[in-house]
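Okay, so subunit A shows up in both of these, paired with subunit B first and subunit C after.
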Partner chain A sequence: MSMTIATPVAAAEKPRRRARKNRQLQGLLYIAPAVILVTIFFVIPVLFTVWMSFHNWPLLGQPSWIGLGNYTRMFSDTRFAAALSFTAYYTVIATIAIFALAFPLALFVQNERRGVSAYRTIFFMPVVVGLATASLLWVWLANVDSGLFSPILRMFGVTGRSANLLATFNNAFPTIIVMVVWKIVGFTMIILLTGLQSIPSDLIEAARIDGAGRWQRFRFLTLPLMRRTLALALILSVTGSVLAFDQFYIMTSGGPQNRMISVVYYIFNQSFVSFQLGYGSALSIVLLGILVALSVVQLWLLRVGDDK
Partner chain B sequence: MSAATKEARVRRKFIGSLGFHGFGVIASFFFLAPFFWAGLSSLRSGSESQTPPLPPWPTTGISFDSYATLDTFGSGIWQHTFNSLLVSLSTVVLTVIVSLLAGYGFSRYRFPFKNVFFILIIATLMIPFQSILTPLFIILAKLGLNNSLVGLILVYVTLQLPFSVFMMRNAFDAVPREIEEAARIDGARDIKLLVRVLLPLVMPGVATVAIFAFLNAWNEFLAALILLSDNDKYTLPVLMTAVRAGRLGAINWGAVQAGVMVMTIPCLVIFLLLQRYYMRGLMAGAVK
Partner chain C sequence: MTNATGMALRQVRKSYGATNVVHGIDLDVAAGEFVVFVGPSGCGKSTLLRMIAGLEEVTDGEISIGGRDVTDLDPSQRGIAMVFQSYALYPHMSVRDNLGFGLKMANTPKAEIETRVTAAAKILKIEPLLERRPGQLSGGQRQRVAIGRAIVRKPDVFLFDEPLSNLDAELRVSMRIEIARLHKELGNTMIYVTHDQTEAMTLADKIVVLRDGRIEQVGTPREVYEHPDNIFVAGFIGSPKMNFLAGVAANDGFDLAGKTFPLGYSLAEPGTPVTVGIRPEHIEVGPSGAATFSVEVDFSEYLGGTQYLYATLADGQSLVIEHRENTEILGDGSITVSCDPGRIEVFSATGRRMRR
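And now, the complex of A and B:
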């Protein structure tokens, strides 16, 4: 008796379950190409980096296991220490310079006046050009014989004779900072602008009526409300600077006196110039650790922003 | 009295506006000047191109000497422009196809480990690709894709995926499901439904994904420098390192200016034409 009832029910359920299985499979098929690409060209390389970092891995010949050898080597590697401290120095200076200019520009293009969208576009234009392209353009502008800056500086009497801007660290470093600010500031400006625009204008208006001055409104209203955007812009700027390579490779070839070797540049040298792939991998893992730590700081900053 | 205050207000407004545009024009000059300087200077004749660009424009007639000199580097400028275009356009097409499918899958289907897969793809944003170039170099060699534009394209597509899949999933999420139901009743299914009915609706998202894929592939330098070793396969930025290094210790700055222009113009044209979609992508990234 019970059998005769159960059979039709089971028969009806089976195709439905199969249909659901089919649909699940279909969904997996749609995402499969993306997952396969990310696995082959990202997940496996990341795991492989860890594996390689425990080996002495020459370009030709057999890799040999050396455990933590590559990591302990780092501690006595003064050139790596120099690369780390240079990258940190560059990151701090570049970030400060970019923000110091991006904030006034964001406030400027926040105005809803005629022509403001043209200004936004113009300030943003260097962003869409490659960093390598911008570096090439500026290495010409800064060239002592055929460039633009040297004769202009002489014309305004800043320097007596033609100045070679890329010959000494003290001249080359500010030149690169100016180039990077020119190239990046529009990007930071737009990010900050989204933050400015998300602040309700009646709030500002209310503060104005209550007698808050321009600076007070900015300091106690605008800045706190922009906390999330600031955190985002800050992290994007910091990570971008930590990973800097193109400008040093193209503009000064790491010079003068090899004082402009960033961390990525040092990894590049170890892996693809000296072909110490194992050591390069270990250095990459450290770089990755630094950036994950920065991301954690970012998440923490964003969370703090939410609490407020 | 009231006429006087009105006049004062008009004058104040005029001065304010003058200050605003005065600052705007000066700032614009600094942002635009390097482009104009390089563009005008690249049209100077051979001997003139080695002198300081004051004034930047050619004084002895427009000449394409610099572009001709640029053509003598590597395998010729056409070959390298072709390489760069091939890599960038293939990256665009593949990125759009893969992220369109994945975005649709993540938006409309339920399957096991869906969130795990999604996080897996997005999490790659946290890891800079600069830190995985060493193994990537070896893995591509194992796959027989070292020193090949195909290998470079696949790497570029992968780098674009986190942003693109995220964009496309959001684009599909914004399309009402009723449209699909209606189309399904009319007999459109699967890929046909996706291409004929949904694609036009998510086209703004596709445009955003395509612009970012193009600009990033066109401008990328480090991966191309490492993964390509044959002269005739170089993309433009890698070719330019040879121009930058010069011959016999002498750098031809005219060729540098010409190369900068060849690399700059496509970016600026695409940005100016499709700015709306570019900014949308940027905002989506910023809000996320």
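And now, the complex of A and C:
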């Protein structure tokens, strides 16, 4: 009796198991392109960089294993410390500047008013220009004689003679910040705009009836409901700033008195100017660690992944 | 807890650009009255309610609440509270904070917020839910919280925009009864928008029937049902829909399907075309009433307790009859039906009700 019952069950089990296996294979197939790309362009390079970072690796000649030597070297490297602190300073200032402008812009272009799509386009336009291209453009704009800013400043009597905006740190740094904000703000604005638009309008209306003013609605509704979007925008902005290179390389070549050497610029110098590829690799791995840590902290601060 | 306040609309208009949506509404609402706006989709019910709430600008006209002109006031200063169809609960706040948000914005002392939130939670029986987030509540519970948020503010006027339309049929009935109980307990003025006529009939002290941004009729549920001012109201209120039959005015009555029906008064010049309206539930099977006619039953639907008969008159016009007797009428056959002439409404070619 039990045999006759058991047989069909077992028979039914097999095709089902096979079907499940098929489905799993299918799933693997779907993610395969992404897995392959990530492996080739991220995992393997990172592993190779880790491998290199344990060596004294000249451009030509035989690499030699030095263990953690490159990592211990960093602690006494004052130029690396300077690059780190400059990058931190730049990241804080740039991020604050970008958000301080992107938020008002997003609020401005959120409402359906006349010509709003034109505004959105204008604010977003610089984003499509590459950072290197933008830097070159601004080098020209900031040129003492043939540029745009210096003659204008002189015309309005702000400066007596034509000022070279990129000659001193105190002028060059703000110029670069303005350029970066001009270049990036449209992107951050669009991200924030999607967050703003995902807030149902009845919520805002309910809050109006509840007597919440403009600022209170922003503080108690908009900001908390945009937490995820804010996290995204913040991480993108911070990551971008920590990895800053083009603008310093192109606009000031490391700046007056080498005061604008960012971490990536320093890594570049170590690797491709001094040809200490091993040390450069170690620095890159440390930078990767810093970025991961920063992102984790930001996600935690904004409590993303908490329930809605 | 009675701070009932009346409300008045004077020539209230709304247009979006060149499109006029609401055309000069005049309406008086007495203190403590339960007023229901009904009408087909797109007739401007929500727009009117949102203008009262202050969420939509009034293009022209005046709105006053409790004798105070509020036309240009901020929503929070009008003494109103609104319950939205989508509930519009703040998703990131606990139920407690949702209820207390308005008071917090008004800088109410913490202790008082606590008392009022607890009181409202008690009325709506949502005390065990106070620490939850809206996402962790069922539809019915969310609806209670939304109503609770309105109660906490102690408004003069409650505004509801189709508050029950997202609930299933059973819950709808129980929430409807709940809202009626609430109105009785609080005694506030309430304005309620719906396109469900059962909700309208059961809840309202006064029904306002709207069409295309105009008021078609204002009256108690009984007035609107028994004495509709025009063909639109007659057809909109009542289910199944009133039968409309093409007839001709005659001396002391009308001609319909080759037969003269006496009404005891003259409608118009004999020969004028009229529309005769008879509700399905006012037609009886059998020759008992004064106005008797015979119909051909095409088919019928049995709903338990009632039976709808789909029939045709001698001249081919179709007619629905609601039959509530126990005896089953089998389809396919000629039967005699009758109806009380006092229940018959007659409308002119322009749709206005004639007589009386």
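Basically, the second predicted complex is superposed on the first by the 258 of 308 C-alpha atoms of A that agree within 3 Å, B and C clash if a C-alpha of one lies under 4 Å from a C-alpha of the other, contacts with A are read in each partner's own complex, and residues count from 1 in each chain.
The working rule: a contact is a pair of C-beta atoms (placed from the backbone, for glycine too) under 8 Å apart; a residue touches a chain by one contact, two chains touch by 3 or more.
Predicted model only: the values in this text are computed from it and were never measured.
**Student:** In the superposition on subunit A, see if there is space for subunit B and subunit C together, and answer fit or clash.
**Tutor:** Result for subunit B and subunit C: fit.
**Student:** So, A:Ile190: does it touch subunit B (first), subunit C (second), both, or neither?
**Tutor:** After superposition on chain A, A:Ile190 lies in contact with subunit B alone.
**Student:** With the two structures laid over each other on chain A, which partner does A:Trp182 touch: subunit B (first), subunit C (second), both, or neither?
**Tutor:** first
**Student:** Looking only at subunit A, is it subunit B or subunit C that touches more of its residues?
**Tutor:** Of subunit B and subunit C, B contacts more residues of subunit A.
**Student:** In the overlaid three-chain picture, which partner chain does A:Thr49 touch, first (subunit B) or second (subunit C), both, or neither?
**Tutor:** First partner only.
**Student:** Does subunit B (first) or subunit C (second) touch A:Ile235, or do both, or does neither?
**Tutor:** neither
**Student:** Identify the partner contact of A:Phe220: answer first if only subunit B is touched, second if only subunit C is, both if each is, neither if none is.
**Tutor:** second
**Student:** Contacts for A:Ala34 in the overlay, against subunit B (first) and subunit C (second): which applies, first, second, both or neither?
**Tutor:** first
**Student:** With the two complexes superposed on chain A, say which partner A:Ala206 touches: subunit B (first), subunit C (second), both, or neither.
**Tutor:** It touches subunit C, and subunit B stays clear.
**Student:** In the superposed model, how near does subunit B get to subunit C, counting Cα atoms only, in Å?
**Tutor:** Taking the overlay as described at the top, subunit B lies 7 Å from subunit C at its nearest C-alpha.
**Student:** Quick check on the output: what are the common subunit A residues between the subunit B footprint and the subunit C footprint?
**Tutor:** In subunit A, no position sits in both the subunit B and subunit C interfaces.
**Student:** Mind pulling up the subunit A residues that touch subunit B in the complex?
**Tutor:** 23-31, 33-35, 37-38, 40-46, 48-49, 52, 105, 108, 111, 113, 115-116, 119, 121-126, 128-133, 136-141, 143, 145-148, 150-152, 182, 186-187, 190-191, 194, 229, 232, 239, 243, 245-246, 249-250, 264, 267-268, 271-272, 277, 280-281, 284-285, 287-288, 291-292, 295
**Student:** Mind pulling up the subunit B residues that touch subunit A in the complex?
**Tutor:** 17, 20-21, 23-24, 27-28, 30-32, 34-35, 37-38, 49-54, 56, 97-99, 101-102, 104-106, 108-112, 114, 117, 120-121, 124, 126-139, 154-155, 157-158, 161, 165, 190, 215, 218-222, 226, 237, 240-241, 244, 251, 253, 256-257, 259-260, 263-264, 267-268, 270-272, 275, 278-279, 282-283, 286-287
**Student:** Quick check on the complex: what are the subunit A residues that touch subunit C?
**Tutor:** 200, 202-203, 205-213, 216, 220-221, 224-225, 307-308
**Student:** Using the touch definition from the top, list the residues of subunit C that touch subunit A in their complex.
**Tutor:** 53-55, 74-77, 80-82, 84, 86, 88-92, 101-102, 105-106, 133, 135, 149, 153
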